[in-house]
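Here come two complexes built around chain A, the first alongside chain B, the second alongside chain C.
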Partner chain A sequence: MKTFRISNGMFIAMIVNLIFVKAIGVTQGELARVIGSDMWIATFIGMLQGIVIMYITYLALRKTPDRDFISLGSAMLGKWFAALVALVIFVFYLAAFGPIMITYVYHLQEYFLPEAPISLFIIASLLVGALGCYYGLEVIARIALVGLLFIFFLNGLIIIGSTHEFDMRNLLPVLESGLPQTAAASLHFDADWAMATMLAALIYPHVKDVKKYGAKLGIIGIVTSGLIIVIWAILEGAVLSGEVTAQYTLSCMKLARNAHIGNFLQRYEMIMIALYSISALFEVMFCVYATSVCASRVFALKSNKPMIIPVCLILGAFGYWVVDDHFWALKYLEFYWPRVALPIAFGLPVLLLLLRLLFGKKLQKAKPAT
Partner chain B sequence: MSSIQELLKGAFKPSVKENAAVLDQILGNSADVQKRDFLLCGKAGSPGLLCFMDGLADTTLVEAIVRALVVTGSQLNREPAELATAESIRTSLLFNATVKDCPNVREGINGILSGDTLVVVEGLDQALLVSTRGWKDRGVEEPSSENNVRGPRDGFMESIRTNTAHVRRRIKDPMLRFESMVIGTRSQTDVNIAYISDLVKEGLVDEVKSRLNRIKIDSVMESGYIEELIEDAPLSMFNTVQSTERPDKVASALLEGRVAIFIDNTPVVLIVPTFFWQYIQAPDDYYNRYWVGTFFRIVRYFAFLISLMLPSVYVMLVSFHHEMIPTSLALTIASGREVVPFPVLLEALIMELAFELMREAGLRMPKPIGQAVSIVGSLIIGQAAVQAGLVSPFMVIIVAITGISSFAIPSYSSSLAIRMFRFPLMIASGFLGLLGFSTMFFALLLHALSIRSFGESYLAPASPYRPTDQRDTMLRLPMWMLDERPGFAQDVDRMGDNQMPATPLQKGE
Partner chain C sequence: MRTFLLILLFSSMLLLESSCVGLRQINELAIVTAVGIDTGNKPGTVKLSAQIIRPADARGQTGAPAGGTGQPIYSISAEGNTIFDAIRNLGRFSSRRVYWAHNFMIVLSESYARQGIRDMVDFFTRNHELRMNTWVAVTSDKPDELISTITGIEVVPGEAVDKLFRNNQVVGLAPGSNMMNLEEALLSTSAQPVVARLQLQPRGISNKKPEEHGSLKQVELAGAAVFREDKMIGWLTPKEARAALFFLEKLESGIEVINCPNNENRRLTLEFKNAHMSVKSFYENEKPRFQIRLKSAADIVESGCNVPVEQLRDAADASLEKLMKQRIENVLDKAQKQHHSDFLKLGDIFRNKYPQEWKRVGKDWNQIFAEAKFEIETNVDVKSAVVKAAGDGIK
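The block that comes next holds the complex of A and B.
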């Protein structure tokens, strides 16, 4: 059977796309509410933690590069454990769909289509998500590359439009809330890269040079995302100030509205959102893919395609439940989502690494994953 | 019908009368079937028969056959007994360039229907098939749909052999191969597969042959028939098979390791695999200096984006997001729309459809009338519609720019696809604003990313990203930098090292 291989660049692009959208969309506002203008430091600390967990994820799979977390679990402790791992990842991505929808729906609805019903946004995004998932991982990986290109354009536009209002004094004093609180706040960003480490846990076996460069690629992905996002954190802090950023759920939109090029182009946030939407829809698409893959493993199906429609229905209902009420959405985003994401993101790779150390010999005897 | 199939399976018999009866039964009394009897070497005991199609066969060549069989044979004092086999007649009597033995009836009939002349002689159990193809062709002309300013002006025509010769003249490489096959149970259309055997992508020729062999159809009237039966994405609006009337394009494709498919009776040749970006490239890009080539290529990329998205963006902005339009521009648009009774989407759809209507009418009409239709349509009706307050002047400008941009795309068939994609994008934007636009654009992008052309990703080398091939995608770098063929070719090196020209140093420098 010919197995599709994701190129190294595509893998990095997938990581960046998955982290970027929520991290610039809503996370900076969350961070500003906790630590003010030190958001960029919290993002940086979060990035370092992301590097560690990405490396642990790689270590767990290093000796068996043809396996993902689910098949690794199967090889070590049998099918029941594989189903459990699949269920945990399913729950992770189901929970992740909440913040993704908060980011996507509120960006478009509140700033561009205030009268449109929420269900419209959810249905439209799930339709293209399902389409991409139906086309398969190859297409998902390819569109990530396009999304990365658009992210670079977007960053270019925001830098060009914001630098004239850049005021370094807004970023001072540094570490106003102290290092421990800043480090604690970084957990909000951890919940963003958690999606990327879980992505790696599922698609590492499809990456072209996973055996040789697996760790390097994952880390480059996290670092690239971190650096791209830090630009927004610094701009939001320096242009808007920490206090103003904290007032907004979607602080990036405030920054985008503030940006202008010359006198003629006073408002171009729609161009930025058009560029941003590729990455946002990529997130939706990957959620559909990940949940459908996990569901198909739970039900021992050979292909994830039969599960696309069922998981879309589940994701759609869950997404609607989260974003329907603005206050509940914020509570979910800031309180519940990190409590679901972080134990899984930190715990699952560590657990599988420990099990791999315990069952190393058994793994060697196991048949290669199909 | 079944008896004719039986006759076709049979072999020629030694009796001229029996063979003539078989030919009569199969070909019937068609007015264009010509039979000419003769006496081999002028001897009464050896009658023979020529059969050919009037209009397809060159009568001068047919006369030469008769002269050789009757006059030359007797002048050389040959006896029919000495010419007892088809081979002996072929080697010692006939002086036509292409003659072959023809043992079975099907081959003979196919030959006659293709313009060859069938020769049967009393006592021979084989016939002879002499190539006498010669019908009236139009001359070599400049391709009407692929114009260029600099470069060769010759285009393909309806004769497959003339078309292959056009390419052979450009590539005098012994490794250039033309493989022949026939498609169409009734049309028996000649199809040639062209490739350079030491350059072509490995496995591609076999793949092309297997797809062509799979075709079971009664007739092939044009290359479009073949295109639709071999393409990778039959449900897609994108063309995954390139078509061209230009021999230089085919030659350059073959030199890149691709395969060309020539079909008889059409001036359009198919090229596979193909990539989306090739439709935006023109031969002039390579014939002009690279600065000019790159500049106009970028202009065409803009034209592509405008053609695809401008009406949708306009509809989206004016319907939903007017706050995004710079104030002075928004006021201008609003003043123009003040008297228009239609919503923007409807106005755009009406104008786009009117434009397509004018284009189609102009195309189908005789040329002088077609021009008149275009002028009347675009100038008079457009002006009248604006004055009547049915459409806004800004919408006329948008539709006109979009139309002109779509004409700037060198591949006509591809520009048609882009024109069609415009409508779903526009409708989605008109109903859902930015949400509709981004969702539809994303779906379109997903679809384009998912399709392939003979194993190659349609959007390569952009996705998957191939750094080396970027030298000739968005930009056209200098010829001395285009030193490699696409990665799928067997031999990627196309140029020696250090080809960048430089002024030679003067003595003493």
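The block that comes next holds the complex of A and C.
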């Protein structure tokens, strides 16, 4: 299994990329519709929950660092249980492809190429995704590293372009909807980091120094993502106001449209989108990777490569079905996706941790994963 | 594997064809630099005027360049049932496709603004091409005439008004209302919109007929239109708009003229600087109360008083304090008693301090605001006579 390793930095970059795109793109608008300008607090609360689940994911795999969730399931309860775990993760990433496509397609189509057909964006992204997946996890991880660098540039540009419009009064009063409702709203952000904890569930065995650093790497990834995203939540609340943020599917683009540096550098959202697209394409790549790996485990194949094209077809059809109708897309994003993501993201790591505690002795006798 | 790579390669080549999707060449675009919106001739219709730039004639020179017409702009108008409908009707006679990304301003007629601007804000914020820092103004003149009037030394009128807005804090007599802050105020439950006023004034002097002073109309930025919800309900004079700017845009400086303490027929000009307004809200006996404090420094920039400036200092402090207090009282009176509209965003301050009470009173805020009490305190300190010595005996 361990034919390649990804560095600690790449692992953190993968987590940040996977959470960042949707969290700044559409989640802040969702949060604003529920709790107004307190979206930054909901993001922060969500980040704390993400840290807990990332730690539980690590605990489930701690004694068997050479295994991912699927092979852990296999070692404990046999190949049928492993196939079930693989199927659950497959469903998770298939469902995750909806929000990913909503973020990616609407950014490019609504703001830059309104006359281009949806199929163009889906096919183009899946081609890139399939290519990255074909070359393997190491290539995907390197792209995440580039994506992380671009995310820092992107945050720098938005901070420089927006702070002159910053109005602290728009962020007040704090916790206007109350703490319980703000905490409940954080579930929308939980659905974002859920993709990262599921990523960790699949690729922890490939991380270089996981034995040395333990859960720290995953937690650093969640905290870094949270802090980078909170900057957007604060800016959107203070510059646009909660009421305006709530009006838009892609609230980050509304902020980007308002940003300008001095009088001469205006409308630079195209530059920001170019920086953002690397992370969006990374998300697509990882979705293709995760679904192809899970599908190959369900069908007991040795390599995920034969499954790349079939899963691309499934993902493409599903993505098209989600983004074709904006009303349905928003309903899927705000209603159905959290109901798929959260039970799996919270339930699967907890279930596997409990099973590991129950079947600890059996696990010690099991052969190392191959 | 070879087959897979070939399919991938050919599919990628097919995607290159997408570079033509949505293609718009710059020489095929009608680049709009200003828009006027008025009520149409038929009831319920909208008249939209667009100032379109002629690139060949708008290269920073006046007169007709080779191959040009000498007219830097091309202004057209069309009517429709909605704004989008009117824009589509522009396409009937505009040879080029209308392009909004470089629009500097949107000018609304008073009659249109009084009917409601919600659909206008919706259209321009829904449109991905438009900049959110596009200026928005209301005029009592004809918007189509206003957007076609060449003002200042700029070749393109839209650009000239853009510069008036950019420097609005220098004159400080009108708010810098743009689409971003208009949308924010319109959606807010604790503030009402206020939009700058533009008007045509006979200010220009023709170089060919200098004896006919005022033969050329110029666009003037002064005053503001006040809204309740999305409907315009009245005007603010330039002086009232200045007082509103302390609340809305943290105005720091400006010029004020007062009478000389020793002679009411002579004038003393003061420039207030580093002005800072703080507003605190209180809620007592189910009624809001606001404590407003304005603190500022000032310079004597012109004196016709013919007495040493040191002797003027205390009287100038008191006169400017009184004048500023009066201005603030006037604008508060207009908001509270005349228009019943909290365009000064005092509701925001109250809501931020009393979120629980706001849930109860927020929906009736305009009525509750009308009963609010105000304590106004102004503090001005004249500190400088600019380059002249401020010593004893220097006038």
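Things to note:
Just so we're on the same page, the second predicted complex is superposed on the first by the 368 of 370 C-alpha atoms of A that agree within 3 Å, B and C clash if a C-alpha of one lies under 4 Å from a C-alpha of the other, contacts with A are read in each partner's own complex, and residues count from 1 in each chain.
Keep in mind that, in the parts below, contacts are C-beta pairs under 8 Å (C-beta built on N, C-alpha and C of every residue); 3 or more make two chains touch, one makes a residue touch a chain.
Just so you know, these numbers come straight off a predicted model, no measurement behind them.
When both complexes are overlaid on chain A, the residue A:176 reaches chain C alone and has no touch with chain B. In the superposed pair of complexes, A:300 makes contact with neither chain B nor chain C. In the superposition on chain A, A:110 makes contact with chain C only, not with chain B. Legend: residue contacts after superposition of the two complexes on their common chain; A:265 is shown touching chain B, with no touch to chain C.
Once chain A of one complex is fitted onto chain A of the other, the partner contacts of A:240 are limited to chain C, with no touch recorded for chain B.
In the superposition on chain A, A:354 contacts neither chain B nor chain C. When the two complexes are overlaid on their common chain A, residue A:130 makes contact with chain C while staying clear of chain B.
Using the contact criterion defined above for the overlaid structures, shared-chain residue A:313 touches neither chain B nor chain C, since it reaches no partner.
Look at A:48: by the touch rule set out above, it reaches neither chain B nor chain C. On chain A, the patch touched by chain B and the patch touched by chain C overlap at residues 112-113, 116, 120, 124, 127, 131, 266-267.
Against chain C, in their complex, chain A makes its touches with residues 110-117, 120, 123-124, 127, 130-131, 134, 165, 169-170, 172-173, 176, 240-241, 243-244, 247, 254, 257-258, 260, 263, 266-267, 309.
Interface residues of chain C, counted against chain A in their complex, comprise 4, 8, 11-12, 15, 18, 21-22, 101, 125, 128, 131-133, 166, 180, 183-184, 187-189, 345, 348-349, 351-353, 355, 358. By the touch rule above, chain A contacts chain B in their complex via residues 7, 9-10, 108, 112-113, 116, 120-121, 124-125, 127-128, 131-132, 135-136, 138-139, 142-143, 145-146, 264-270, 273-274, 277-278, 281. Those residues of chain B that touch chain A in the shared complex are 317, 320-321, 323-324, 326-327, 432-439, 442-443, 445-447, 449-450, 457, 459, 463-465.
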